[in-house]
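Just below sit the structures, each encoded as structure tokens.
Note that chain A is present in both complexes that follow, paired respectively with chain B and with chain C.
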Partner chain A sequence: MIKNPFAYLFSCLFVLAAHGTMLINIFYNGKYDDIKDLIILAAAVLGLDISYYIIMLFFKQYTYTIDFMLLLILNMSVIFQSCFGGVSFSAKHYITCIAALTACRFGHMLTCNHNWIQQQKKYVWIGIGVLMIIILIFTGSRSMWINIGSFSIQPSEFMKPLLVLACATSITEQQKKHKVWKFDIVWENIILFGITAAVCLFQWWCRDLGSIPTFAAIYAAGFFLRICYPKAKFSNKTLIIAGSVVLVAAIVGIKIAPEYVKDRLFVDIWSDKDGNGYQQSQALIAIADGGWFGKGPGKGYLHNVFAHESDIVFSSISEEWGLLYAIMMTLVILLIAASPLINPPRSYYHGTMCTGICAAFTVQMALNIFGSCNMIPFTGVTIPFISMGGSSMVTSGFMAGMLVAAQSPVFRKPKKKKSKKPANSSARRRSAA
Partner chain B sequence: MEDMNLLFCAVSAAALDICALVLIIASYRERSTGNKQWKKISADMELVEQGFTYHLGCDEILIGRHASADIRLPDISVSRYHAMLTVADGVWTITDIGSKSGVYVNGNLVKSKKLCENDVITLGNRKLTLRKTVNPKKERRKNK
Partner chain C sequence: MKSIRRCQHIITIFLLIFIAGMAALVIKINREAPFYMMNSDHHELGMVYDRNGEVLFDGQGTGQYPDNYFLDVGNLIGDDKGQMENTLVARNIKKLNNYSFSEGLLETGGQAAIYTTLDHYANRAVYDAYAGARGCTVAYNYKTGEILVCASVPSVDVTKGYADIANFESGTLISKAMYGTVPGSTQKVSTVITAMESLGRDRLLAKSYNCVGRYLNANGDYIDCHNVLGHGTLNLQQAVENSCNPYFAQLVSDPDLPLENIIQGYRRMGYAVNDDKEEYFNIDGIICEKASTTLVDKNEFRTQWGCIGQGDTLVSPVQLMMWQSAVANGTGKMTMPHLIDRVFSVHGNITQIAKTKYGDKICSEETAQAVRQILLTNGSNNYSVSIAGYNVGVKSGTAQVKEGAEENSLLVGFLDDARHPIAFCILIENMYSTTVTTEQLATVLLNALCS
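What follows is the complex of A and B.
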């Protein structure tokens, strides 16, 4: 059943130990009114750990490392989110973490056979179109949220894994060239460019400009792998043209950006720390206040600032748990993204898929962390697996599942559907002859 | 109290660090399992040509004259992108991807063909043989 039982056992124990020490830290060092709150949190975290260890045994995989890393980071995020401003179990975040783990399993099952998922590319394109229509109809004018009771969904998040799947390609697909005038054209590449342009324009329309770099990064990863392979099409001229196009698009984008975006781009946070620079200035003060080892779980003040659990979550964690812990948390996420380097995918399709996912995770993290630290303009993008937000969590979980699929692939050709013929057709033909 | 804070933070950070390290080591252990599984999937085959051995390490292998081809055959009779080897269900298939001189399997011109062990593939002037991977250590033991 498990190929490496010792590796599995040790991974289980050390993930439990990492969560256990965090809980002990809260017990001795955290701020809580009632010990019951801490017991509930501990039971939920350790319970989810053990349940997932058991559930994983039912799935046949060659590698389990990403699952363990995912569980490690998700339960860490449950602990962080439950501790902001005092220990109180965050049930909403816990449910979204379970949803992310479930999405991970779905992501694995859907994409493990690259031959099959490649055949579904048309449905992926249709899916992106349908999501755009849903956003246009249900979110109201120029918004990105659908409110259902107390829940709100951000459908544009679900476009990320779909765009990753649209960008993934195989060498066989890249060899299907058509001669148009003097050029050898791969139609899929043209369609992909159109889809990405449509998605970026759509994000612009919905005023979700923070997500555009993530979509652009996914496309850039796909585009780069398409022009690099075969290398015959890869030249300095192509790179210079592509770079110039990006530069011109960025300059034009800044020129025609709405006023509130321009304010954020050129704000001096210290001279405007009660206005546009409020969140960033508070986030920086909190990081400095926390130092290397933090003030202690629940003892921060950043929970009073808007979006402390999503947009400036890195600063909230730095304040309460210390900068050292926050940096190591980002390293764990980078490890998830970099896992294909340890166990390289065996198919080009899965390789391009992993590159797209790594690009998405890395850009999202960079936008959030560097934005909180005032190194780049503040965008309000979430950190995958850490920030509060159901849509983001489910999407990140699904993409982690796609990484698992690349490491535990299935190489099977999908069965062709047999055409239905009448049972006695051959006999009839013979008798007619 | 300050010391306690520092101690517990350092311990939990160290635990996370060690956990990450263990997971990396576990991942390396699983790599060998992945390699074994790949041998099963690819039927543990390799391509051989006059003493040269080409390892078949992924499910799509591009053969051609160009430097970016996975198996590079620097011969003018071979097209830049000549043929593609793919594997599914443990069976390797060779497909002609628009070459000028064509692909021959055991002397027969083919567009796409499933390959068996010891099949001889002719691309231009070059002849390649598909065979089971030979482990040099095992060979030496057998010879002894």
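What follows is the complex of A and C.
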């Protein structure tokens, strides 16, 4: 089951030590009214660690690297989210983390067999279509949420792994070119472009413009890998045309963007720090206030600002834990995204999937971190695994599972051929010689 | 395997772009963190000192000071309360920030400080000498550009807060030296410089005009002289000494002096003429208005009146003082004033040291030296008693304000002393409401600075 038990044990201890160190930091430097709050948090975090170590043993994989890093980052986020403004166990975020771990297992199981998933690609397209209909009917044109009781679901989040799958499962179709007039057409490419365009239009319609770059990046990654499949090199001509189309689309997008989007794009946050620039200016002040090592868990101010746990979570963490810690947290997510560089994907389908997921993770992180720090327009997307939000957590967990699948795939077992006894054993010996 | 490697290349590109962005973010935050903190509600400020180490602003508010100790510098040095924006502290608050990204806010032990060029003793002496009068005095070292005195009356003691702001007099919260005022006859120095640049020194000195108490210009408007009996025929030196309006009106309308040359000369000195865009210069961040005037038709009353220093013409006392530096130095180049001598960081390291800077050349050396001599002669002939003991080159002025309802008194000049190269501008508002004179203030100023 486990090839190297020592490595497994060491990884377990490493993750436990990392979370333990954070909890000790809270004990000495954190702000908590009652030690019970910290004990509950510690029990939940360490309990989840140990439980998952045991659960992982039941899954046969080539490598558990992503699982350990996923557990590391998820429980880090539980600790972060439980500390904003004072230690208080964030049960809601804890549940979403467990959901993310579960989604990871599902992601692995659903995508590890490339033959099977490619046969199911029509369901992937149907899934995207169903989500679009759900958005159309339930969210309305000014919202991206469906509220069910005390829960809110963001259906557009679930389109991310589906779009990754749509790109990856259609990769082999690249070989099926059809001559139409003077052009070689791959029908699936056109369908995929149509799907992506429709997804982006839906995002526009329901005012979730921040997600458009993520979808565009997933499609772009898939597009580049398709146009050079199976052997062709990147065509400069194609790249220039594609780049020009993206540029024109971006300019047109900005031109026709709603006023509130333009306000966000071009706001001078410091001259409007009580208006449109409020969140960003407070986020930057919080990072400066935290310095390298932070003010201490629970001792921040940013928890008073709207979306401190999601849109500007990087600043919230920087303020309380320090910029160094926030960078280390980012590094863990980067390592998850970079894992295909260490453990290469086992097929081009899996490679395309990994590239799409890496694109989604890095673009989402960039939009969140650089946007909240006023380096690019502020869009309000989430950081995978860190920001509060069930839809985002489950989706990110599922995509992590897809990465696991790329490194621990299931290939069709070769059929055993019945061995025939050679008629003339001496002739066979000669032939071998 | 090649196709898998292609996937890895694209993943690497995504990661590298993100890492580069993170590196840029870390650099940006490290550089801009003090600015962010200054925009927060919680910050720790350092001190501002005068040239002798006397406190002018206590950022921590922990020191004990006599009553009204900061009154004379209140509207120049300011504070961080946000009531006064055009002050040294407000404009340089980032430099006073006792914060570093690695150590955070330092409630104790922070060494951020600004050492100014101001002489608190002299500033206080001048401020007190106003004795109920209103106005401002600014003086600086015309060799180095160090502002030594910049007192604007009335002012505010920042330690007392702004609870009574509704009862503050108009002009309390600004340093009047930075804002345009009608220059009166001190403007005639500019007109002399402009005319001499256009006509040449000898030609201008050779010109004389007759004053009969008033001058009827070509458009049929009168320019009155303060001497209703008239000065008779005057040359340039006599006209400056007598501050004769008809002489300067005739000089402006002289056919040898084209209007275009006057306009060019004024622009070279920094005036915004007619519809020129109004500009500003800054003294260590403090915004100072530039001069402006209207010159349309040399035979028209408004143009002649503007060249005499009335009507539409506005000049800040600081700029009047700066022109004196160009004359006093004899180079035609203005010495740019500065208020900050050196800045110390939160860790006590010097991060900024003042350097002497010069502005554009407003006139030739020949013109500067000739005007210098005219002003010195005026000083020795007319001010040797009232400003006793100092060899000064000066020009006085009376400015009509509030549509002639009030008159302000001005005195611009310089001290011809290699040990104390001081240029100054003194303004007393509503001069008939007080017994204080500009000469008295000049004496107090020079006594305080040269003692």
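Here, the second predicted complex is superposed on the first by the 400 of 433 C-alpha atoms of A that agree within 3 Å, B and C clash if a C-alpha of one lies under 4 Å from a C-alpha of the other, contacts with A are read in each partner's own complex, and residues count from 1 in each chain.
As a working rule, a residue touches a chain if its C-beta (ideal position, glycine included) is under 8 Å from a C-beta of that chain, and two chains touch if they have at least 3 such contacts.
Model, not experiment: these values are computed from the prediction.
In the superposed model on chain A, is it clash or fit for chain B and chain C?
Overlaying the two structures gives chain B and chain C room side by side.
May I ask you to decide whether A:348 touches chain B, chain C, both, or neither, giving the answer as first, second, both or neither?
In the superposition, A:348 contacts both chain B and chain C.
For A:191, using the defined touch cut-off, is the partner it touches chain B, chain C, both, or neither? Pick first, second, both or neither.
So A:191 meets neither chain B nor chain C here.
If you stack the two complexes on chain A, which partner ends up touching A:323: first (chain B), second (chain C), both, or neither?
After superposition on chain A, A:323 lies in contact with chain C alone.
Could you tell me if A:29 is touching chain B, chain C, both of them or neither one (first, second, both, neither)?
A:29: touches chain B, not chain C.
Mind working out whether A:284 is in touch with chain B, chain C, both or neither, as first, second, both or neither?
second
On chain A, which partner touches more residues: chain B or chain C?
Between chain B and chain C, B touches the greater number of residues in chain A.
Contacts for A:370 in the overlay, against chain B (first) and chain C (second): which applies, first, second, both or neither?
second
What is the contact status of A:146 with respect to chain B (first) and chain C (second): first, second, both, or neither?
neither
Can A:358 be said to touch chain B (first), chain C (second), both, or neither?
Once the two structures are laid over each other on A, A:358 reaches chain C alone.
Please indicate which partner A:134 is in contact with in the superposed arrangement: first for chain B, second for chain C, both, or neither.
Neither: A:134 stays clear of chain B and chain C.
With both complexes placed on chain A, how many Å separate the closest C-alpha atoms of chain B and chain C?
When the complexes share the chain A frame, the smallest chain B-chain C C-alpha distance is 6 Å.
Would you mind listing the overlap between the chain B footprint and the chain C footprint on chain A?
Residues common to the chain A contacts of chain C and of chain B are 229-231, 295, 347-348, listed in rising order.
What residues of chain B sit close enough to touch chain A in their complex?
Those residues of chain B that touch chain A are 4-6, 8-13, 15-20, 22-31, 33-34, 37-38, 41, 57-60, 62, 66-69, 80-81, 84, 86-89, 95, 97-98.
Can you check the complex and tell me which residues of chain C touch chain A?
Result: residues 2-4, 6-8, 10-12, 14-15, 17-19, 21-22, 24-26, 28-29, 32-34, 36-37, 39-40, 42, 99-105 of chain C touch chain A.
Within their complex, state which residues of chain A touch chain C.
Contacts found on chain A: 217, 221, 224-225, 228-231, 270, 273, 281, 284-285, 287-292, 295, 323, 327, 330, 334, 337-338, 340-341, 344-345, 347-348, 351-352, 354-355, 358-359, 362-363, 365-366, 369-370, 373, 375.
Along chain A, where are the residues that touch chain B in the complex?
Contact set of chain A toward chain B: 3-4, 6-8, 10-11, 14-15, 17-18, 20-22, 24-25, 28-29, 62-65, 68-69, 72, 76, 114-115, 170-172, 175, 229-232, 293-296, 321-322, 324-325, 328-329, 331-332, 335, 339, 342-343, 346-348, 407, 411-413.
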